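Two complexes come next, and they have one chain in common, chain A, joined by chain B in the first and chain C in the second.
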Partner chain A sequence: MNDPKDVRIRLLSWLLRSPLGLRLVQALLAGRPQKPHHHVSADFFLEMARAAYASRTRPVVWSNIFVPSELFWGLGIVPFFPETWAGLAASMGLSALGVSQAAALGYPVDLCTVHRSAAGLRVSRLFPRMDAVVATSHTCDLASQMLSNFAHAEGKPFFLLDVPQRENKEAVDYSTAQLQRLIEHWCETLGIVFDLDRLRHALHLSNKARTLALEVAMLREAQPAPLRGSGMRDQLGMLTAMFGHPSGIRYYQTLRDYTRQRITSSQPEQTLQRVRLYWMHLMPYFESELLSHLEDDLGGVVAWEEVSTIWWDELDERDPLRSLARKMVSLFFNGPIQRRAEMALRLIQRYHCQGAIHFSHWGCRQSAGALHVLRARLRQEGVPLLILDGDCIDPSNLQLGPLHTRLEAFIEMLL
Partner chain B sequence: MKAYTDNGPTVGLFSSFVPRELLFALGCVPVRVFPTATKPTLAEMYLPRNFCALTRNLLASFLEEERPRIQAVIFTDDDDSSRRLRDVWAEYVPVPIWGYLEVPRTNDSLAIRRFASLLADLSREIESHTGNKLTVGHLRSAIAVYNEQRHLLESLKASWLRGNLPTLLYRNLRRLALTEHPQRANEALQHQVNAMSASMPSEVQVNKATDAGTRLLLIAELATPTSVVRQIESTGARVVTEVSDLDELSVAQQVPEKGETLEDLLASLAEAHLTKPPAPRTRAIRRRLDYLAQLARDRGAHAVICAYSKFCDLPLAEYPLLQAEMERVGIPVLLLELEDEVLSGQHRTRIEAFLEMIRHK
Partner chain C sequence: MYVAGIDIGSTSGEALILEDERIVGWSIVDTGYSSRRAAEEALDLALSHSGIERTQLQRIVATGYGRVAVDFAHQQVTEITCYARGAYFLHPQVQTVIDIGGQDSKVVAVGAGGRPLDFAMNDKCAAGTGRFLEVIARALQLSLPEMGDWALRAKQAAEISSTCTVFAESEVVTLVAEGATREEIVAGICRSIARRVAAMAARVGVEPPVMFAGGVARNCGVVRALEEALGHPLIVPEEPQIVGALGAALVARDGATT
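This part shows the complex of A and B:
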């Protein structure tokens, strides 16, 4: 199914763009045995899909995942995150299509597959319309470069939020001023009307979801771990899209209740639990034996994932743009590697982890570039770090044999 | 001024966005760092193998050197590679980091103001290391030195474009300007300018020289490897412009020296650096493509060669659009992803075939 002319791709493209098709998908998903919070997230993403693909009432702005989602919801804009949807497509077995189409466009194979896949899915018409594009400059070079490419290809306005590396007052001032300009730019180009109360309300919803998400984080300190780490591989998508939308509250409420129930009924999702681990960076988005081998065969428990971490402070509803600016600047992937390392050490201690695993997604320079420093810092505190090279989008780039062997040796060493 | 700076520390730079004027005014000799390692082997202990080849080579160069000529370095946040290089550098390279300059990616009034204030912060950091104070007088003189250098380089470029200066010599002079004490470099450049005007060829010779062969536009990050330029010109083709930090991506315009206060002068430096021709890091793809297309037209380029470092994300991700834009106006493009200065047999063959193809077009 590597050809956009393939009848299945055309059918999927039609399904996404048709209100009827989306209702059909929703009905199918509702009937599937899922955890309660997955119903909430499925409904949320389908609602987003409906607004982005099938409806024309609100503008659709493509964005990287680190533009605060509260901004979109608070301005009545539908965000579309190609990175998240590339992950979703990978979970549906569509990576090969995206990657092969990106190669046909001329993208070199050494670039991160998240973005290559997104580029390919876009030309395959699996992505929705685009009215404007925004990207932050921080954390991932490719995200903003590719988004600017997409905007250029479709002749749409592109706005770059230049996010500083240092976290200080001047950086927040500068980012706040840019957010202000961004809103003016959207009022002009998209014809939206800025309503401060609406934005404040989005921050209010975000804060409520944040409190619930923090409760989930607290519940997950429990031993045995109530949840499987592999089941949390979608967390980055939730963390970067749902805040500011009412679904965020529903999602974390449901997840909290589910987690609590697993604890009170003494029914952890993972039965064999021998070693507690901290997982760094992403996990394969597609079904793979890597995680099941770790969890079910070796008893490795992913007690916490780096990308599930609520990194920002409570947002000040009285000063929304400043709060969102601070949220961008304070991201743990931003700035020097020490920020990530110190957060890792805090979380390793909090979740009683005996070791850490870094999944080095192929082509991700920002996350893998300073692993030597990260490993040395963790070692200083007596925490061993295993680095697994793989690909979270493209299953053909995940060499299970050698990875299993390394996992086995690592768990053995920790026991 | 000269006596003041001659014994100053040599400070290495990795980016064309750091105003050298500022460091020179603070008694340092700012030099651009070029890789000297033949292979990035030593760097592979610290950086992943699929990491920007130029960055790995730069790190390897410092790890190899027993007594580096450079006493300190300044980092910028140009891209993911430079950010991670700084993390590794801080731990494993025995050359201290004297500053970390964040460079805005946009160039509106907000960005220029911010950059000027970050330059002021950087100058305070350097002051704490050198003990020298930044003054209006010193900064003005430093700007004048680099303005003179820009003027000389423009004059040499004109000679090169007329065919009076061989490409390799012209590139060596540009490199010298980036890597030597600026006043000494200016003397050498002036000497060359004088030599050129003493032996000015006739107009007829000039035209013959410029019209011969295929004309190429090169695009690279720091500089196109000399081996690529040599091979191109050995076939009779001619490089007519190089969009890299070595040449077109450096600040070419004169920076106003007249500011009354340090703030004025820093604002001028900030503006000159943020408004120089766009590099991929600005994500201003339309501006960049327009700029490249215009340059190709102005210099009558027949083809483009992108000599990029392997695994260098920003230019590689921009490439498909650049290729499409150039081919739309009938200019073919060749992409080379290079590991180091040495050209592999495969790369040689590709260059040869590309030039052959253009000749027969």
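This part shows the complex of A and C:
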């Protein structure tokens, strides 16, 4: 192929699959000037990559981002999240190739670009081996369909975790039974040996990371906001992969210390702070002027992002499956939109935000479908909501001019 | 004290000179290929109509999609803020302002003092904008100013099902072949624009009195169709195209006095 991106894909694919290549990437990343917690997250993803690409000792299960990560780490499985890796690829400027490959495969253009890009990157051989596939039914139904497609294409077993939309005892009982069946399925198909103590340990690690993440959340109430919203765009990846792994503790400890240091030294990451904002849904994974225009030119500071929210209660290590079931069922994206709206209002108040911005990612029905309800509820409480239609994966689908006008008008309105 | 507001849209550019509370001159020019050149031209023309020199201007504010190109302005402000300010100045009771320009349309909820409370914009699709009318006028061999009267003469409106300017043009050709009159087609086009804009306005919430501004407000066919779609009478200013420039001048006046 003549596409120069293809050369990059080949190179990246080699780097990820070769122990030497991974060491090279690690050395390159270590030398890059970045924030301390980003070094931790880079190391974590490299460790995942090493286990998924280069090593053959543990099974690799492809998953959507809503399967609790504690389950994988507690069962000795290496998870691979195509959605997260599609985001990583976008941050490296590789999304165009994934999207065009998906078009060649026949995926329609109105589908979410996260999943289309993942589908394209899969056939580009950027992704690692797959021993099994799992997906939840809740929040994003495209994820389960795409992952099911992937499993079918590779001839691997697929398990759908059916998560009810209501949060009640029956839903938790039902989801617990699903998790039980999933473990039995993996013991059978992957040959893993279930070790309850190991699973409990994963929950223990998750709880410790959760406590630290809650400390970060508390520190971020500070005014001026210590952190920059655009620096938190990796949060969804962290939140969905790190819990139950020792890196989760390291990450949130480092982030907490960094945040605290920003507050005590009176050196917020963003100097111009005129309006505090609550950011809903995703942010572009690639470098774009959207966030820098908001933050640096207009002085809009993202005081809190929806996807940074620790939504679940402390996990009960004595009853791990029920705890994980509750974590799935209680996700704020799951069930009626009112749950998400009420959480937004609580966080808007907590972080003293004057307005909210919803970034409606292209093709994401679950997030944008009920925006009118969300908007009406926020308006009822006097909170203006700006809806930005964009794409967090494909830069060619992000029209900066119109988006800048909307951001500017919104800030003018709030001042 | 003299101040100026300049509104550079995709199709036309307007400049307006304000002396305290009084409009002393204004102009409308084609934007053409250069927003900056259009701004200069519009400002010079408005100054000559006002009989004052540029050096007498205390402050200039630019708005519109080409505002960033107006590098000689003291400040750039979005058209959302400027339409709200301009509409409030002309009619302090106004609660909603709808602007349909050459290539975009917007709805702004106006609060106390002309402050924007909420807004919605369409700048991605030419359907529901002046561009849509231009394309159809060309297909029907009509001039833009006469389109409104043709629409009002129609006994019924043709059903335009397409939501895309390009495909609507094809649809018009089909309607002509099927024997629909030009009056019916033009009325159908006006209704199509009105429906799209009314749907966008519903997202913001339409509170009367409603002002209709922008170049398309000169089209009486769209005015009537929009009134029907919204269920409210519309206030159309005498010069609907200069509302944005007026708002920009008002923002300039605020900046000059503070």
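Methods note: the second predicted complex is superposed on the first by the 409 of 415 C-alpha atoms of A that agree within 3 Å, B and C clash if a C-alpha of one lies under 4 Å from a C-alpha of the other, contacts with A are read in each partner's own complex, and residues count from 1 in each chain.
Here is the rule we use: a contact is a pair of C-beta atoms (placed from the backbone, for glycine too) under 8 Å apart; a residue touches a chain by one contact, two chains touch by 3 or more.
Everything numeric here is computed off the predicted structure, so don't read it as measured data.
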Q: Quick one: classify A:Pro384 as touching chain B (first), chain C (second), both or neither.
A: second
Q.
Touch test for A:His372: chain B only (first), chain C only (second), both, or neither?
A. both
Q. With the two structures laid over each other on chain A, which partner does A:Gly401 touch: chain B (first), chain C (second), both, or neither?
A. second
Q: Considering only the touch criterion stated at the top, classify A:Glu412 as touching first (chain B), second (chain C), both, or neither.
A: second
Q) With the two structures laid over each other on chain A, which partner does A:Ala356 touch: chain B (first), chain C (second), both, or neither? A) neither
Q.
After superposing on the shared chain, does chain C or chain B touch more chain A residues?
A. B
Q | Common ground on chain A, meaning residues reached by chain C in one complex and by chain B in the other | A | 372
Q) Where on chain B does chain A make contact in their complex? A) 45-48, 50-52, 77, 79-81, 83-88, 90-92, 100, 102, 104-106, 108, 110-111, 114, 117, 280-281, 283-286, 289, 310-311, 313-314, 316-321, 323-324, 335, 337
(Q) Show me the residue ranges of chain A that touch chain B in the complex, using the header's touch definition. (A) 105-108, 110-112, 115, 135, 137, 140-142, 144-146, 148-149, 151-153, 158, 160, 162, 164-166, 170, 174, 177-178, 181, 336-338, 360, 362-363, 365-366, 368-373, 376
Q | Complex contacts: residues of chain C adjacent to chain A | A | 65, 77-81, 115-119, 121, 123-124, 203
Q) Touching chain C in the complex: which residues of chain A? A) 372, 375, 379, 384, 389, 399, 401-402, 405-406, 408-409, 412-413
